[in-house]
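Across the two complexes that follow, subunit A remains constant while its partner is subunit B and subsequently subunit C.
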Partner chain A sequence: MLRHLLRRVLIAIPVLFGISLVVYLLVNLQPGDPFVGMVGPETTPAEKAELLRRYGYDDPLVVQYLRWLTRALAGDLGYSLQQGRPVTALIGERLGNTGLLAGAALVLTLVVALPLGLFVGLRRNGGVDLAVSVLSFVLVSVPAFFLSMLLIKVFAVDLRLLPTAGVTTIGADYHGFAHLRDVALHLVLPASVLALGNIAVLNRYLRASVSELVDQDFIRALFGRGIPRRRVIAPHLLRNAARPLITIVSLEIPALLSSALLTETIFNWPGIGRLSFEAVQGRDYPLLMGIVLFLAVVTLACNLLADVLYALVDPRVRLAP
Partner chain B sequence: MPELTPLMCVKDLDIRFAGSSSSAVRGISFTVGRGEIVALVGESGSGKSATALALTGLLPGDAQVGGEARFDGTPLLPGNAAQRNAFRGRRVGMVFQDPAAALDPVFTIGWQLDETLRRHHPALDRKGRRDRAISLLEAVGIPEPADRLRRFPNQMSGGQLQRVVIALALAGEPDLLIADEPTTALDVTVQQGLLDLLWRLNRDRGMAILLITHDMGVVADLAQRVLVMRHGVIVETGDVREIFQAPRAAYTRALLAALPGRAGSATAQADISAPVLTVDGLRIAYSSGFGRRNEVVHGVSFDIHAGEFVGLVGESGSGKSTIGSCLLGLIASTAGRITFDGKDLGRRAPGDVAALRPQIGAVFQNPMGSLNPRLTIAESIAEPLRTHRRLDALALRRKVDRLIGNVQLPKGWRDRLPAELSGGQRQRVAIARALALDPLLLISDEPTSALDVSVQAEILDLLRQLQQETRFACLFISHDLAVVRQLCQRVVVLRAGVVVEADRTSRVLDAPQEPYTRNLVASAPLPDPQRQAEKRAVRLGLRREVFA
Partner chain C sequence: MTETLSHSTGPRAAGGSLRRLLQDPFFVIGAAGLSVLLLLTLLAPWIAPFSPDEGDLFSIEAPPGDGHLLGTDEIGRDVFSRLLYGGQVSVLIGLSAVAVQLVIGISLGAIAGYFGGLADAIVMRLTEIVMCFPFYAIAITLAAIFGASVWNVILIIGILHWTGLARLVRGEFLSLRERDFVRAARSIGVSRTRIIFRHLLRNASGPILVYATLAVANGILAEAALSFLGLGVRQPQASWGNMLSAAQSMRVLSYQWWLWIPPGAAIVLMVLSINFLGEAFQRVLNRRPAAPVADLVSRRGWRARLPVTKGSENG
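== the complex of A and B ==
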């Protein structure tokens, strides 16, 4: 078990270095001049060149990369070119909002998709299964921005039930429970948009693995030993279906963080997604690199977590040589 | 012997699967007496497994079941699910074919035993259940049972797993055990132990057994009464000795006649010339990660002449298929020399080896897996010809038609897909494809293991006939000694990657020198109830009078 984990961690380290190198090169080899916005219009080219030299931008790329890497390892991702503030602080500010949104979407996904997938997997080709299948394909096919606008039109404009933008109501000064309620109401629409597509995908996977498991000999053997149906479903069916589930969810978490871009933009939600959009637009290289590196770390961490969970639910992983 | 009151009474059982126009089981009636071992025999598709599943209510929900079944006076069919559920495990236990698939892979053996014991003995506390689990494992012959409780299914061998499955079935102390091909997935030596176990359970506990099998050797070994089933109908019922000595139904006679071992032995002469293939000191290792290598074949040597069948026999894991794959160039060897048609395969450039490849044909166990399901049989057979021979369309068509004729399939079938063929017909296509390039050597890896006995005999005849015409050399990999005896002039016995014995087939199988070979030969059940009973008496040290 410990060896299994150690091996996973050891594999993660070179992967992380590889990602940092690729990210650094990709960002730095892009055309365009990020320093247009940094210097005033009256700066002469000679002065600008002197500035660049002083900040180390004339050094070979390798030297620049190593310098960036040593700082990054110490937790210093540099300063945003546009806002002049530490990248870590900028990411930290937005992280809470994105975490809230992604977390709510994830919980919503699991709460809906797990029972639904289990149900349709056990009753394949029934009426509910057909309805859920059709709905799933519709949800996967409809782009998130269109779904967002549809939901805004129905729930915010027509029914006037939910707010459409921001984390809190602007100008309102809520405290305590009222504040929580305000945030929760703002959360409903963007979290639903993020969750709906994921629900459709997760539901399909779970349906497939459950319906495959139902035909397995060992499930039939459990019934043959007189084990009641609910005891066959939990724990046998659920624990065997957990592995593919863990894979999907561990991939979904980083995807939720980065793909929230559109949703965050539409709902004016100040999160990582919008921050990265701003960074790209403003050629804010240090900020962009910081965000990409952060997402890479999250992805690796989720993979590592998935490996731990695999080993917990499946002895074949744990006991493999 | 007093008249046995039937434990299970089945009347006019009819099973129809959803989407099928005809019934899989068509109105069969039979009984199983208390403490009786009844064998339900038939080839695949005869409806024997469906019968077992219907009696325990384990058929898929969309299957229609008609007729009646009573267990100890209580109706099972037609009956409600709750009633059947109360029977399952407690009155009727089930054992399945593949023990590795019949246990939940993510829970320990102990956990699964505990779960079943909790269900059937609610009064037992945790300690009581643990004690009971240990005694159950002891009863089925698992060594160090307390230690085994902590194991997961993937940490145990197939034979041990099947014992665990039987222990689980015994947990509810059922009166009837339905065993569906309980030893088919196991090696002969392991099979023997399990058949002994079932025999003991029947004798000591008076447990009735409904044994479902296609293997007449297993029937002869264990059964007291036999039901022969074909196309969903019972064609013959009778005492086991009657069935073997004086079968009445034509189908039963055909089934017995098709048994290998009754059809004579190999007689063809090999060509006395340089061998087609010489394997000398072959070693093969698999990589097991991080630079470690796990050697599975430790210096194996043998040769094959033209016109000769050489059997490569051994239990699963002995390395016989690995050697076959190596000769086909699918796995690299780590040491040793392979000389094929006078050329050293190891010392040649990869391009030269590729040029020799068309000279070696291959037939595998499962023809459904080795034929592309989207190609017609003519396209499958033509594929090696297209790759290695430049033939015009007409010549190709003629050659393919001749090959289809050679394996005795109708010419009009060239445009059929594998799914439209039976298992035996598919294997004929695979053989035609393997022989398309007139190879010097044919490597056949368990080519008849997935087939029914009668079909098996046809395929063996076909192979022999084709070899007489084209004189190819054949390495015949098999675990079935009866088949090897029938086909092969010489046999190489492999154990854990080492050759333990190699000689003429008659010498090795009739007078085995090595204990391993002797055990292997003795383990294979003979289709003769009397001799099986005698063998068991000797093996278990029982007094002869029991069988008199």
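== the complex of A and C ==
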């Protein structure tokens, strides 16, 4: 186990290095110098050149990269051009909101997809299976932002049931339970949009794994001995189908963070996705790069976690050479 | 030497595959939908009642009817005509982006799968690096740096989406290269290029076709999203994605359905048709049960780890 773990970590190191290199090169590709928007108009070009030289702007690219890397490893991703504040602080502020949205979407996905996948996996080629199949096809074919707009039109504009933007009602001063209810109402639409696409994917996976398990000899043998259905399904079938789920969930996190970008932008949800869109609009490259680096590292960490968890629940993986 | 080929895409099997395709409901529905949509967009110069760029200042944001089948937009352009021409751009981007993916993905996948060893390690690390960047975050960053244009959108989608294809080709090559017919070819001195193109690539063509089909659908979705955010195809040129960005205004969303429902519906129908085609190809050519969702799964790397389908990635 330890060897397997060590191998995965060793593989992750060059990947992490590659990620940092890509991000750094992108930082360097951007037009303008780092003092745009930072120095006042009274600074003469000569003074600016002196400043640039003093901060190592003329050093070789490799030296600059290593300096940047050292700072990034220490958690310093530079300053936002627009707000003049540390990038890590800005990301930290928005992280909670994205976590709330992604977490709600994840819970919603699991609550719907687990029973549904089990059901259609056990009753393959039935009416429900066909309906779910076709619906899954439609769901993966609808652009998330179009789905968002349809939901906003129906539930917010026409039926006036749900709010469309932000985390809380602007101007309202709710406390305690009223505040929770307000946030929950704001969560419904964006979390549903995020969850719907994932439900289709997860359901498809579960259907495949459950229907494969049903055909396995050990399950057939249990059924063949006349053991009641529910005593086969829950302890044997479900346990084996659920085993890879923990891995899937950890791989789901980066996918959710990525698709949250569009959803947050549309629903004005002040999370990391919305922040990166604002950074693009304001040409705030340090902020943008900080977010990209952050998301890439989170993705890498989740992949690593998935590997480890998978090896934990499935001995075949860690025992394989 | 009695080994049968896993993917019957050779000339002898082509007739049988076609017949089975024509009997597959997914193929029939997908092909019919796709043909209608493609014909409409390709024949746009003859079908479109108005020029897509010319505004009629006397009918601005007019509802459907009165000569304009789907009404007009904020500067009086005919929505139906823009929809037809916009489709051309969306399809062009979807196809070109896949062409870029095919070039990068097949070359790198073939190198990794055929040569193995160090080449494989380098290609796989490169693939993992690209896969670590969440698509939309890095796509909007690239669009912001290099500017929004049709060609940049094609390159961005192509450069970010080849990883799944490379892994697929690598997996196929790894399992094919040790098969008897390839060993036999090698032993009688068939050249390396000939083995790669004639024996390996050709036998991997089934899964590649399935992947490429689904990748067109994903490309169209990605174009729509980027253009919707204002980072893809730019006005005045129409694309289905940038027509939808009109609905970012609450007024349009609430009262002017003809400005955003038609392009959205066009994307859904197009992508759905392509996904159906991909499912049919998958069933007939690969004889594995899978779906566009399986493609999403493989892009996230699940299939690399989990036995969802009788995997092609077991090296």
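By definition in this document, the second predicted complex is superposed on the first by the 274 of 321 C-alpha atoms of A that agree within 3 Å, B and C clash if a C-alpha of one lies under 4 Å from a C-alpha of the other, contacts with A are read in each partner's own complex, and residues count from 1 in each chain.
Following the convention adopted for this analysis, contacts are C-beta pairs under 8 Å (C-beta built on N, C-alpha and C of every residue); 3 or more make two chains touch, one makes a residue touch a chain.
Predicted model only: the values in this text are computed from it and were never measured.
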Does subunit B (first) or subunit C (second) touch A:Ile227, or do both, or does neither? first
What is the contact status of A:Leu81 with respect to subunit B (first) and subunit C (second): first, second, both, or neither? neither
So, does A:Gly18 touch the first partner subunit B, the second partner subunit C, both, or neither? second
Subunit A residues touched - subunit C or subunit B, whichever exceeds: C
May I ask you to decide whether A:Lys153 touches subunit B, subunit C, both, or neither, giving the answer as first, second, both or neither? second
Which of subunit B and subunit C A:Leu287 touches, first, second, both or neither: neither
Given the touch rule stated above, what does A:Ile248 touch, subunit B (first), subunit C (second), both, or neither? second
Footprint overlap on subunit A, comparing subunit B with subunit C: none
Residue numbers of subunit A touching subunit C in their complex, please. 11, 14-15, 18-19, 22, 26, 29-30, 133, 136-138, 140-146, 149-150, 152-153, 157, 200-201, 204-205, 208-209, 212, 244, 247-248, 251, 254-255, 257-259, 261-262, 265, 273, 276-277, 280, 283, 285, 288-289, 291-292, 295-297, 299-300, 303, 306-307, 310, 317
In the complex, subunit A touches subunit B at residues 216-218, 220-228, 231, 235-236, 239-240, 313-316, 319, 321
Within their complex, state which residues of subunit B touch subunit A. 53, 56, 58, 85-90, 93-94, 96-98, 101-108, 115-116, 119-120, 152, 154-155, 165, 168-169, 171-172, 288-289
Subunit C contacts subunit A in the complex at 125-126, 128-129, 131-138, 140-145, 217, 221, 224-225, 228-229, 231, 244, 247, 250, 253-254, 257, 260, 264, 267-268, 271-272, 275-276, 279, 289, 291-294, 296-297, 300-302, 305-309
